[in-house]
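Each of the next two complexes has chain A plus one more chain, namely chain B in the first and chain C in the second.
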Partner chain A sequence: MRIAVIQFPGTNCEHETLVAVKECGMEGEIFRWNRPEQELCEFDGYVIPGGFSYQDRVRAGVIASKEPVMATLREEAANGKPIIGICNGFQILVESGILPFGDGVRLALAQNVMIRGGEIVRRGYYCAWTMLRHDAEEKRCSGSYILRRGEILSIPIAHAEGNLVSADKRVIERLIDDGQVVFRYCSERGEIINEFPVNVNGSTENIAGICNPEGNVLGMMPHPERAFFAWQLPWKHPRVQGYGPGRIIFESMRRYIEERRL
Partner chain B sequence: MIINLRVWLKIPDAEAATVKNTLLRRMGYQGIVRDVKRERLLSIEAEDVSDTDSLIKQLTRELVNENKENFAVSVDSLELSNGYVPVKVSLWIEDGEAISIRDRLVKRLGLRMIRSVQRANIWKLYITGDDPEAVARKIAEELLVNPNKDRYEISELPRP
Partner chain C sequence: MKVIGLADGELESSLRKAGIGMSVSEARSIASILGRDPTLSELFCYDAMWSEHCSYKSSRAVLREFLPTEGPNVVLGPVEDSGIVSIDDEWCVVISHESHNHPSQILPNEGAATGIGGIVRDVNCMGARVVATADPLRFGDPYGREASRVRWVAEGVVDGIWQYGNALGVPVIAGDVVFSRCFDYNCLVNVVAIGVVRRDEIIRSRAPPGSGERNYDVILVGKPTDSSGFGGVVFASDTLREEEEEANRGAVQIPDPFLKNVLFKANEDLFRLVREEGVEIGFKDLGGGGLTCASSEMGAAGGYGMEIDLDMLHVAGEFPPEVLCIAETQERFLIIAPAELRERILRIYNEDWDLPNVYEGARASVIGRMTTHDRYIVRHRGEEVVNVPIKHLTGGIRYERAWRPRIRNLLEPDVRMPEDLNKVMLDLLSSPNIASREHIYRYYDTEVQGNTVIRPGEADAGLLAPIRGKDFGIALSVDSNPFYGRISPYWGGATAVAEAMRNVAAIGATPSTLTDCLNFGNPEKPEAFWEFRESVRGLADAAKNLWLKGYPDQPVPIVSGNVSFYNESPEGAVDPSPVIACVGIMKDISKAITMSLKDAGDGVYLLGPRFDELGGSEYYRVIWGVTGANVPVVRFPLERSMIYMVIDAIDREILRAAHDISNGGMAITAAEMCMLSDHGISIDISDLGDMRPDRLLFSESSGFIVEVVDGAEQEFASIARSYNLNPVRLGRVSTGGIEIERKGKMIVRLDPEDARDAWSSGLREAMR
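Take a look at the complex of A and B:
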């Protein structure tokens, strides 16, 4: 089971993402964006990690979305292979039109706007631990395959542009109706409160992660690779053994691939 | 009155170079797009003042770093030169950075005559062919704009 961790110029989470992939029992390698794109087809799944591809020039993710590797990833997505886009990877998937429906750019991840009591209290880059509620059905999405609906995870974010918006309200309605909303920002008790600090970036409907209609492509703003080991969690002792909540995203991918092979 | 402050880099503009490179190498615009340049545009709406020049000097001192940037100012009109198609891209959703600039000017610098600030990028597309405006629109829609948050307009084409 081989996973390609896609590296664009400016990607900066590829190494820890690769560690997470391997720790879950999968083989993996960092796949540079300028390798022959046909080589991508040899892999069983893909992760587009976080960072600042092309320095976020023009807008986050758009330059990377024009690279030939993305055309190949689109084909592999249509073949049912799993793809997880994390943070900038999510932005790239949206700008390439692979998410949400595979038929064009239907969403934007706009600049963060933090709102409380009807007032804008903060804007721009924000880095914090967030609570996520898994809103999809079990096995709906490759990246949350073994999560039950309603489970709550604590995973950190670090971004300036994660405010999911659409010019067409029907896009958001369709995402909700079709069960494509995978993660939403929530309180510690799982309540969806559309106010900062629960909604950390002003995202419509508190959406933190979505999948495509088929469920094999997941895009999420939070960074599961930064909550993979228990020692990464700020409330744990630094020498504590074991895993953190982020592991379940990569473990899900592995289980999805295993079951798809049967 | 509206003070239009156009700012561009003296040093090479990596963002414009990346756009040009992407258009030529990834999007099939070889032989069509000759060059791409970029300017930041701040359109600052202010109450009429007796000494406009003094206000403009204050604004440029605050908003331009002359060590790395050049600028041009025009009042009410947007004076562009010819030879390119100017594509003006701005946010149609709330622009937090523009609001921050206005607040900085009004609250910190005491320029209480400032009413609003709007921010945009002007992409100067040097295009060959019969219908450069149509090509510019295509480029805007394929690369420069995400319609879920951005809008664009082709600024009035300068007379040759």
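Take a look at the complex of A and C:
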């Protein structure tokens, strides 16, 4: 089982992401953006890690989304292979139109706006540990394949543009109706409160991660690779069987690939 | 340019007209060594290399006299861009510490960003992976006469740090912020970077042996050279004057974290190539003094000469030769490598990492070659524009500066006992110098690279686990208190070392090395030079007397540092600010602890007797508006025992929380341990002697407050006995608020929410 961790100029989370992939028993390598894209087809799954690809020129993720490797990833996604986009990787998937419906750019990850009591209390970059509620059904999505609906994970975010918005209200409705909303920012007890700090970046419906209609492509703003080992967690946060909760995302990917092969 | 035969006045005015900062006598000495009039390019090269920033011409004698730079763990002392100490037989920590004060005052965002950009290059060029930075910041009074400017600077600096560091992908794991009126016109922006490298994979910043005989290539990599930062080091070596602000902006460099990110990855491939080939190369970043500084220092360090052809540089436009020589264009590195690797090196940068397409004009170019003669030669359009003895250029000059004590006539004030200690507590908790740093550190990516174990805000030091499969961690903290330095530069230096070491000990790590970034006024003024000298003496005494744990009588070595003079405006100099960073080694990261109280019922103990030492304290300053005179001193054997005891107790897993006593004294230290905890604290200070309660609670004498695991009191006491210490049991971790009792009377009772509100709003309000 081989996973490609895609590296664009400006990507900065590829090494820890590769560690997470390998720790879950998968083989993997960092795949530089200008390698021949045909070589990508040989992999069983893909992770687009976080960073500032092409310096966020124009808009976060735009330039990378136009690279030839992304056209190949679109084809591999259509073949049902799993893709997980984390942070900037999520932004790239949205800019390439692979998320949410595979038919063009329907969403934006806008600048964070922290709102409490109807007032903007802060804007822009924010790095903090957040609580996520898994809102999809079990086995709905490759990256949360082994999570049950309603499970809560603590995973950190670090971004300036993670505020998911759409000009078309129906896009959000469709995401919710079709069970494409995978993760939402929640309180420690799992409540969805549309106020900072629970809604950490102003995202519509507290959405932190979504999948495509088929469920094999996941995009999420929080960084599971940073919550992989127990020692990475702040002292207060609960461990999951000696590991961090972020491990479940990569473990899910492996299980998804295994079951798809059967 | 004519030097010989000109009268002093004429020479002075012709130097200034050309934009050269050196003195008349310096210009004359150059002409006499060359035996002719120097060219304009030569004068600019010397001006940069002999600037205070590059040559340490005022400071070197003092640093040599006092600083301990050797120790059993030192792999490389302060001779190149970074210092290196060993962690174990295999791995080493690389550390560098710099200031970027003047540029940050003029252009806060770019100035601070360039500071990070420069320091991470210093660490990377030793062959290391850069794993963390720390940012000690000093700003003016956010409520004073220059409030809006101070806030503009503070906000811009924080923006510059996060915009650069986050994009590069290096986490911020430590730092501190102090606001004081003395920084109104001259902020301090220091930055520390650490990296990790295998001992046998260290790359040196010098021309390797044989490189002259075999005419190695000199290869310049990175951004195309432009005129940005032209004269930067000269600007950094002068006093800031408002009327020159426009001109000074041109001396600030323009950094680019995106290009740096790509360069770092390409550099990794370069390091791999030379490892596989078993070839030694020279590798150095281009910082202050630009191409001339990096190339001539590498050549001189190897004992060779070199020839550089400016026509082979990749450039961003047409520039005169002196600009190409000393402009401080960011994101560049210099490689000295044998010709047989040339094609493969160029391919790494120009094809694999595709620099020309990733960033306009960026690439790797062969620009010259090493020679066995002793000259530094630069050609431009076929003409020799520089031809000087290389060691004369890099050797700089030395000044013996005069010093004279600064007399301040500070007295201990006669303050009355406050009626309401609760209010005093809340006022101190919301002081911008004590309040939560969350407003700032949420801008920093503290998690990138996935190595972070303890992050800003959780403890007195940050902790990283940078090597998968290894149990060890690297702790980092920074410290310096300008209010102490104002009263006594000596104790300001000594306490900065002691506190930085206490900070890493408080999480369980053993202090391993120190760096110093020495921020002072104009060294040509005897009072400022005295402050510098006293501070260096103080910090050196502390490093020598606090000992490397396990090696009695051996100092904690100071392996890297930086001197920043001229932190002075017409309003005066900044208070003496020797900023210290301490690296600690944690043998097993699973044993590290934070400062938050963890279990109700655990005992709370005080380590460190209280003395009447409120000079420079937050209590005097915030509550009474006075400075005082009784500055905290470091009692070396006591300090050492306390630090060792805390490390041992954490190693034996009998402490659940520890916090060092500093700003605000023991009462604020105790309160801070509740801020991020679900617990409160209930303590009784009746057994601490007869000092007046306010003095007892707010004196900043050094020490720790620790939470001892319930049932481990005996073991704790026996460790204390072994160090001849007498910890005092203060009380216990509670489920309620913050309560302090004395002789049967409750003198402080704070609701945790009120305390938290005060503490969490103080910095946000100050930076709004």
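The criterion applied here is as follows: the second predicted complex is superposed on the first by the 255 of 262 C-alpha atoms of A that agree within 3 Å, B and C clash if a C-alpha of one lies under 4 Å from a C-alpha of the other, contacts with A are read in each partner's own complex, and residues count from 1 in each chain.
Here is the rule we go by: a contact is a pair of C-beta atoms (placed from the backbone, for glycine too) under 8 Å apart; a residue touches a chain by one contact, two chains touch by 3 or more.
Everything numeric here is computed off the predicted structure, so don't read it as measured data.
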### Task
Return first, second, both or neither, reflecting whether A:113 touches chain B, chain C, both chains, or no partner chain.
first
#### Entry: Which partner, chain B or chain C, touches more chain A residues
C
### Query
Who does A:55 touch here: chain B (first), chain C (second), both, or neither?
both
### Task
Scan A:67 for contacts with chain B and chain C and give back first, second, both or neither.
first
### Message
With both complexes overlaid on chain A, does A:139 touch chain B (first), chain C (second), both or neither?
### Response
neither
### Query
Which holds for A:234: it touches chain B only (first), chain C only (second), both, or neither?
second
### Message
With both complexes superposed on chain A, which partner does A:165 reach: first (chain B), second (chain C), both or neither?
### Response
first
### Message
If we overlay the two complexes on their shared chain A, which of chain B and chain C does A:127 touch? Say first, second, both or neither.
### Response
second
### Message
A:34 in the overlay: touching chain B, chain C, both, or neither? Say first, second, both or neither.
### Response
second
### Query
Which chain A residues contact chain B in one complex and chain C in the other?
54-55, 124
### Message
Which stretch or stretches of chain B touch chain A in the complex?
### Response
14-15, 18-19, 22, 26-27, 91, 93-94, 96-97, 99-100, 143-144, 146-150
### Query
Which residues, counting only chain C, touch chain A once they are in their complex?
162, 166-169, 256-258, 261-262, 352-354, 358, 441-453, 455, 458, 465, 468, 589-590, 594, 596, 598
### Message
Quick check: in the complex, which residue numbers of chain A touch chain B?
### Response
54-55, 57-59, 62-63, 66-68, 95, 105-108, 110-111, 113, 120, 123-124, 165-168
## Note on the structure
chain A residues touching chain C in their complex are 9-13, 15-16, 19-20, 32, 34, 50-52, 54-56, 124-128, 156, 158, 223, 225-226, 228, 231-232, 234-236
